[in-house]
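Scroll down for the structure; my scribbles are underneath it.
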Amino acid sequence: MSDQLMAAVGAGVEVVDLGRQLRVGMPQSPNHPQFWHTLPRRHGDMTRVDGASAANDLITMGTHVGTHIDALAHVSQDGVLHGGQDAAQAGVGGKYVELGVHTIEPMIRRGVLLDVAGARGTVQLEGGYEVTVADLEDTERRQGTPVGSGDVVLIRTGWGRLFEEGLAYTGAESGVPGVSEDGARWLAERSVHAAGADTIAFERLAPRGGHSLLPAHRVLLVEHGIYIIEALDLEELADRRVHEFTFVLVPLNIFGATGSPVRPLAVSSA
Amino acid sequence: MSDQLMAAVGAGVEVVDLGRQLRVGMPQSPNHPQFWHTLPRRHGDMTRVDGASAANDLITMGTHVGTHIDALAHVSQDGVLHGGQDAAQAGVGGKYVELGVHTIEPMIRRGVLLDVAGARGTVQLEGGYEVTVADLEDTERRQGTPVGSGDVVLIRTGWGRLFEEGLAYTGAESGVPGVSEDGARWLAERSVHAAGADTIAFERLAPRGGHSLLPAHRVLLVEHGIYIIEALDLEELADRRVHEFTFVLVPLNIFGATGSPVRPLAVSSA
Amino acid sequence: MSDQLMAAVGAGVEVVDLGRQLRVGMPQSPNHPQFWHTLPRRHGDMTRVDGASAANDLITMGTHVGTHIDALAHVSQDGVLHGGQDAAQAGVGGKYVELGVHTIEPMIRRGVLLDVAGARGTVQLEGGYEVTVADLEDTERRQGTPVGSGDVVLIRTGWGRLFEEGLAYTGAESGVPGVSEDGARWLAERSVHAAGADTIAFERLAPRGGHSLLPAHRVLLVEHGIYIIEALDLEELADRRVHEFTFVLVPLNIFGATGSPVRPLAVSSA
Amino acid sequence: MSDQLMAAVGAGVEVVDLGRQLRVGMPQSPNHPQFWHTLPRRHGDMTRVDGASAANDLITMGTHVGTHIDALAHVSQDGVLHGGQDAAQAGVGGKYVELGVHTIEPMIRRGVLLDVAGARGTVQLEGGYEVTVADLEDTERRQGTPVGSGDVVLIRTGWGRLFEEGLAYTGAESGVPGVSEDGARWLAERSVHAAGADTIAFERLAPRGGHSLLPAHRVLLVEHGIYIIEALDLEELADRRVHEFTFVLVPLNIFGATGSPVRPLAVSSA
């Protein structure tokens, strides 16, 4: 068979996992129901006559937990969703039928890492730092990876290094680095398909500023229909200096939900 | 950049979605906590000062719901898991640290559809029908798609056509078609990486026989460390006569769980 | 201390438990999220340095599970709740602030069992049987327990005997005995505080009729502000021929919810 | 009818609610799954042909949330539960069959408030303060309410005033006032039926000491089979100077669980 994709896969690929492990107690936004996992049935609880047993799980969680993607239904501005649909009306029935996460097609497309921290010669941008358009363009140029239409762009601030520390990652006191309205507009002008970051809210958050203003969400989700991916693990990708790759992301197909935990991959020929 | 994979992806790919949509009320095994989705916050509930609002979700579910993958920790035989670990001991702490679903690497590898129903000239095998080794080999030969080591093999019985009907899909009365011990051994001899089916339990279930004996689970999970994927949607793939493809499956990285809902893809060059 | 209540309690009381045990797999309406209980932490999972360990639980459930009480917010008619509040508007914010279950005061008041099955000389009324006003008045007279204003009235149909059988209790095929609109009006005319039954929906349900029409809910909850208690266990009370008692019911104080699982008690001086 | 209890109730009772309202975001121990409530169906989502609609709920929670009671199965010491049962073995099957919360009988018995803060002339004992045996005996004497066998004793520290403040209530930094091993022994010597407090863990917690040592739990639950009630609201009772009352507590009858949210009442003749 002469399938070009199968030939490429058959020749060998390397996969970098960009998703955080889902664990009880991991840092997450208090606005969303906590991730919790437990085993209702463990081996030893009940054994079949033939000596077999099956263990199983119960999960409760919000969908904006761990590494996750925001559907267009997640955010409204002035009462309307992307495309102009009345936001309150869209939720009647308890499902977002038109813009829920089930409408996000699985992604297999070019991905670009913009390692802003790396380009600025630091391991981690400080809390509250605004990633400017100049930062984005400078990073793009240094890396030699121009952002194209339809790409998925992942912005590395280095803040993901704090994920294992828990509360520090959410940055309530310190603020969190990220793009603001200008950076979001720049991404939209490049017609990216989705944009992600290694922070909990994608946005630049001011120290002690909370999540009161989220301009990048408005620009990307509401104004331009561009998906947002949050809490990515971009450390290995940066360490390997892989700035361009095949990006694979498959959201759970949850009918009507505003988001989904995801485990995106950066894949390259070996 | 000369990445062969990126070139193949850049040339265009077609994706067939093999996962079922996660919906409240979909058919699932009563052994596992029901999938449930609700919106704690809808647009209109609370609007920020700048006119923005965010809606969110709460999910509760087992992990063996919808289309899902079984981790090796899911089944034990005679008190031991795959590799000989004591099964009861492995669950102490409420996590399967060594064989949980977090240990399943994302899959990007050759997939083969064995459309047994198609090869037998029927739209759907009857409840309780055992897919024999002869069926598997005959299908392989007719399709011209020999199963190789490391492949993911998906067995189509046509039973997936009943998914939308709900209870009928679980087949408590009718039984369900599938491989039994012999078919599972055949798959293991071919050293497949994972095996899936369009049924709720992968196994052949006898009419009114329940899930009392699950020999294919024992052979695949416990004896050979081969993952099982259940409740696949194989209809479009069969309709398109795509019997060989790049199979993509990315389980949620849930630390210590026995399985994960998944949305596998069959991808081909366009 | 001369407290009359303490003197009565000090002299000894007998308690009959009118609540069903909350168990995974118990019969419940498919309209509501299943009750599920699991132990995230068991003894042996983690022991403190001083040799102590603590086990704990995770519960997921609807509130209309097991024996439960309906708050006035549960049902609307023609877009309005009891008292005329706009029903859709009342739920904005995801809480029923004015008529949620948190507004039900704990009940310690006269309870009357109307053992209709007993009065009709049968152990169990048949599925679909309508408990008429004549039945209610005949039972009241035979028992010598007139219903008074402010009482809690519990109607025994004998259907509760099927609770342990599971599906049969929900009566999808058979229908379920109960009062209909006339019986509900009779209860409202007596100005009862709450009304309960030993069935899953309080109402008379026609065989294969489903829950499409629920006139007693409309009359009691919406028109008269009378709480409804469902899935009571009235067997022991009937066996003991206790038709009049102190009724104790304490709903969970869940802010904004439409109901609560409860464990009502019938208490008498010993 | 000459029932003494009904006569007392008929003469009028006053009820003081000792339970906290269950709200999303209320303070609770991070060791237990968060309380979360949401409305899957709101009025306006779906209306029946006759103009009726029903709203409903989904709850996920640990059982040690809000005001709650600890079953004897909650804590083990040196591998054994109260009565000497092997603690790990007791949990096999995912339920504590012998000492789960379903084995706690509903309580209608004498309750005594020991308002230690009041007796010490303060509105609130400081964080880390140990309530000594002298404190308990002094309070008992000043109030004129000797603790008797079978009573439920509620210890007021005044710390409950912080409940609405959230994090401060958990006292991670400040510590929390409470009895320690000596106070627990004193309660056990009086053969109380249950003991409660207006704090999250009942125990005296040292500043920044966490929950590493819980001697009162060991003494009460494991050694003496005395139930513990936590996070009580004792403010109104203290304000009214009601130190002796009929205590009513009805745990949810959750088969095999280690605890239950409860809404205890202090009831007195009017």
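First chain written, first letter: the chains are A, B, C and D, and each begins at residue 1.
FYI, a residue touches a chain if its C-beta (ideal position, glycine included) is under 8 Å from a C-beta of that chain, and two chains touch if they have at least 3 such contacts.
All values derive from a computational prediction rather than experimental measurement.
The chains in contact with subunit B and with subunit C alike are A, D.
At the interface between subunit A and subunit B, over half of the residue numbers appear on both sides, which makes the contact a same-residue one.
Here the spacing of subunit A and subunit B, counted between their Cα centres, is 25 Å.
Subunit A and subunit C, compared by their mean Cα positions, are separated by 45 Å. Contact of a single residue of subunit B with at least two other chains is seen at positions 33, 36-40, 42, 44, 58, 60, 94. Judged by the touch criterion defined above, the protein chains are all mutually in contact, each touching every other.
Those residues of subunit B that touch subunit A in the complex are listed here as 1, 3-11, 13, 15, 17, 19-23, 31-33, 37-40, 42-44, 47-64, 66, 73-79, 81, 87-88, 90-91, 94-96, 102, 105-106, 108-110, 212-214, 217-218, 244-246, 248, 250-259, 261, 263, 265, 267-269. Those residues of subunit C whose C-beta lies close enough to touch subunit A in the complex are 24, 36-40, 58, 60.
Of all residues in subunit D, only 25, 30, 33-34, 36, 40-42, 44-46, 60, 92-94 touch subunit A in the complex they form.
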